[in-house]
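Which chain is which? They are A, B, C, D and E, in the order written, and residues in each are numbered from 1.
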């Protein structure tokens, strides 16, 4: 991935705003661990080094941020690819992926059963009810691939949408046979309820599958190419910092999630992408097409920018 | 009220419902007390109240004149009924993205949705209130040469006012629900709904926070209602006195409190 | 013949003209704007037809999707509305008539009335569990208020001389309530019911967003929006609007029959 | 036997519009007696009637019917209210209005209907049963109210200016009807009227009240030969004398302007 | 000049309760005349009055006031309704009730108040101004309705049994008041009454209506020497004669039971 602009962050900062079209950005983020890179970049002054001032806007779901982006309230947003590709496919949004965000790490997602549940293996999930946050989203997409790989018929799973705070009560009351959890709930369910892990939806064919990224509109990107590049660099640099340093992540989590320091120390983080890779992202689009969630093919590479960070 | 609280407490303590998911009253009230002195929560509350007040006020300003118009001019009612009845059942959740796109997501989003939802009770009570006006009273004024608008102002409106007020009291609750619900579904920044939302996504969910927030919303509703009932008693003293005039009829009590 | 045509034309003009004009403006505006979020009505109607009304004639043109989603929604709505209406009238009468009931209940009811149902989803879930029971409880809880408050208002403002008359002739309490209080309060109760009617549609949609729902108009609406299928979302909105209109017209027919005495005595033309 | 002892009624006690309506009124009405009450407008006649009917509780003194203190409405009592049009139920047909009180008597539907129709016929409204009250003229409504009371066959009937809105001929017919009904069914009747001739013609006794606060200023026995009839009775010298006497008493106690 | 030509009114035309109230009625009332209308109960007197006031539109024929066809209520007209208690506004004090129509005359607040107080005094209610209608007795309410019409100083006054609920003395006073006001302010008055003596005493002319559907069956000029007074006029032989004449006409046309 060769960059056209190889100037070091210091140089661009030194050159005033380095010819950036826009220096103050508002970015919508989600109150979830996946958004951490944005907050690390702010916390570690990585945006500042690029001459950017980024203000985060914590929203409750990514679809909600799209109208904000379209009417100019925000410049970019953090959102999951499945939603974004659907929006793009339906013409609600001319998508531009500014930077990759998070990928599923082993054990950061988990299909779990309560200790006394008869479900012991992936095969036992057939005919069972499992929750997802939102129907027809990345959770289903990934699990479908993993189930197929485990010789389970994905069509035999019943998905119900259950909002975050209601998963535990619904599960305990027996209205869910197995729970599809993400962090930090995986850790919490294991330690407090003795829940057993049945299957890792981010394994096998879906290992490391990309969940969310930083999204802008094509129009915005066309007007602000240099800003976009600077924004991407800062995020990639943040991801690099986070790779071997849990501490920087744990520090920022309480700022935008409901995860306190103690929990932050124990949860499994997703992978944060320090470079953009069209190949693995294309997989998501292809799976979606396979599931008929898209009406036509999406050439993901054409929506991405070259990685300019070192 | 106390019995209700006690019942709730007992349910929790008796283990009928899981304490983790539904904390007992004492815990909720304690938490509610703590929140009262928490400046962050007070800021949330202030933001919600602002949206509530603006939305409700605007709704009343729109709905009463509109109700008078639709309630008194049959032609306009007939011409607009299809549209009005078409708009009414559209849920505000479905409108959130559309309104957000057109007018943005800040205070204006909440206010718009509050107006949209709390308009109807005032509008309909105004329209139905007008129908209950004694025709002899209207004719009395008409016979002195007063034309329709004057009759509306001097007879229909005062006569329907108590029922319109009931509509307004209904609207205060609707507006409160809409404010907080919108915040829960799509709120950013501040607001009791935002507070409740974030309490909900904590692991494990902070049910005590949620319920304490709910308690404050509910209490706010109780206070507003009480103030309005007091206002009603002053404004419509004539009605209370008249209805209470023959009190002693065992059935006729409960009036005017 | 021409008189009939004339009448028809006038009815059309007074009742539908404005609507037709607005729809035309809507079509024109959305076509010009070309925003995916605001598809033109023609697109929406096409989508509605494809989704729900392109079924076989022997099933009244309803598609499987319609049978699986629209009918359950209507069922929930009807159930919730009936429950809410009965509860609202009963509580409203109690509150409007009895000082004791008022003292005991009013505080709690005013408290509950202000509570946003979405904040209580977990409570509903814990108490009622997934599914129909929770949804019905949710609908009833939301729509009972207009009926309740208006009934209480109506019960409180019964003409004192009517009550006196009932008392003088020593009617039993039940007779006084059913023969005097209820009929006098009926016009106001109807105002509450009319509010509750469209509210019940709205709340049904809300209830279908609740955890564990797998069908319904609201369910389809949410899925449509979360997958950015905007014409489908608009089709849902439009369907709700049309249902609301139709239900309201039916309601008005009923109201006109039940309140015939009121309308003529008040010299109201409806 | 109706006994009123030292009856006092003060409206709005303590308020700015406090009004002393009745002051230490004593009165006894024997069983089967037809007592007429006359008195200046606003003196407290209707108030007295409401006290007897147990619709208001006196602020002083007591009312006894058959030696039982009146707290609630006594059994077998009927009232024709002065404000007759408001005492009819607008949502019921005229026949249903008349039949309603008969539910108390445990009549079945058919019997109620027959009794209502009979009563309506007796007041000259044979054809009006299926109409609604608002479709009747004032005088017809008043007669419906009378028919309702008659159909009920009370033992004590209170009538507050029951013939005020009907024409002279109908009035005489109704007076005779009341006399007839009283004779047939042995009821005690208290009848308020402003028509002095009427009071003497129908009454066994005429009580004249003073201006407010009301107390008894005259109590005349009407010893006219029975059966009475509109022409001969009114020409009877005692009638002329009594009528002049009542007139003097009333005039002596009217507010002067 | 009030001209009624071939007036016909059918209520609920085509419906099951269709009622033919007035049938081809012709009547002329000269300016400054006081016309009394008598007729059996339910014959159509109030209907006639409502037609004159433009409150209902006749199903046939026409009403003209000063050569202008009545479609809306004519200017400078006042009506005292038979259903007086319903024609008062319960949310206004008695004084405000009386003063309200004067807004049409462009009176300022003070002038309205003074005029209202004066009118209340003239009907013997000097003290009642600050009360509310429900705090008054029936007869007092009726006098408030009269005061309201008098204060307005109309050129055409329509009165529907205006003295039905007051005592004999007050009634005479009010009759004289109406005569006095008519003389001072040159108004045309149409007065409906059931009291035959009254119709002859106050009227310049008495029109007798038939039973429904109403038409004119008698039209008598009352040529009694003026100014009239309660004692001498009523003893005048013409009075006695006229009164018998009207009585005969009324009785001849009442429904027989």
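Following the convention adopted for this analysis, contacts are C-beta pairs under 8 Å (C-beta built on N, C-alpha and C of every residue); 3 or more make two chains touch, one makes a residue touch a chain.
All figures in this text were calculated on a predicted structure; none of them were measured in a lab.
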Legend entry - Partner chains that subunit A and subunit C have in common: B
Inset, instruction - Spell out the chains that contact subunit B while also contacting subunit D. - result: C, E
Inset, instruction - Name the two chains that are joined by the greatest number of C-beta pairs in contact. - result: B-C
Inset, instruction - Find the chain most remote from subunit E, comparing centres computed as mean CA coordinates. - result: A
Inset, instruction - Name the chain whose C-alpha centroid is most distant from the C-alpha centroid of subunit D. - result: A
Inset, instruction - Please report how many Å separate the Cα centroid of subunit C from that of subunit D, as a whole number. - result: 49
Legend entry - Interchain centroid distance [CA atoms averaged], subunit A/subunit B, Å: 39
Inset, instruction - Can you check how far apart subunit D and subunit E are, centre to centre, with Cα atoms defining each centre and the answer in Å? - result: 26
Inset, instruction - Give the residues of subunit D that touch two or more other chains, as numbers and ranges in rising order. - result: 55, 72, 83, 86, 132
Legend entry - Junction residues of subunit B, two or more chains touched: 18, 21, 97-98, 101, 134, 185, 200, 205, 210, 239, 242, 245-246, 249-250
Inset, instruction - Find every residue in subunit C that makes contact with two or more other chains and list them. - result: 37, 122, 126, 161, 164, 167, 225, 262, 265
Inset, instruction - Going by the contact rule at the top, pick out the subunit D residues touching subunit E in the complex. - result: 11-12, 16-17, 19, 38-46, 82-83, 85-86, 121-122, 124, 130-132, 135-140, 143, 160-161, 164-171, 173, 194-196, 247, 250-251, 254-255, 257
Legend entry - Residue ranges of subunit B in contact with subunit C within the complex: 1, 3-4, 17-18, 21-22, 74-75, 78-83, 85-94, 97-98, 101, 120-121, 124-125, 127-129, 131-135, 162-163, 166, 169-170, 172-173, 176-181, 184-185, 193, 196, 200, 205, 207, 210, 213-214, 217-222, 224-226, 239, 242-243, 245-246, 249-257
Inset, instruction - Within their complex, state which residues of subunit C touch subunit D. - result: 159, 161-162, 164-165, 167-172, 175, 179-180, 183-184, 186, 261-262, 264-265
Legend entry - Touch list for subunit D against partner subunit C, complex: 53-55, 72-73, 75, 77-79, 81, 83, 86-87, 89-92, 100-101, 103-104, 132-134, 152
Inset, instruction - Flag every residue of subunit B that touches subunit A in the complex, lowest number first. - result: 18, 20-21, 96-98, 100-102, 104-105, 185-188, 197-206, 210
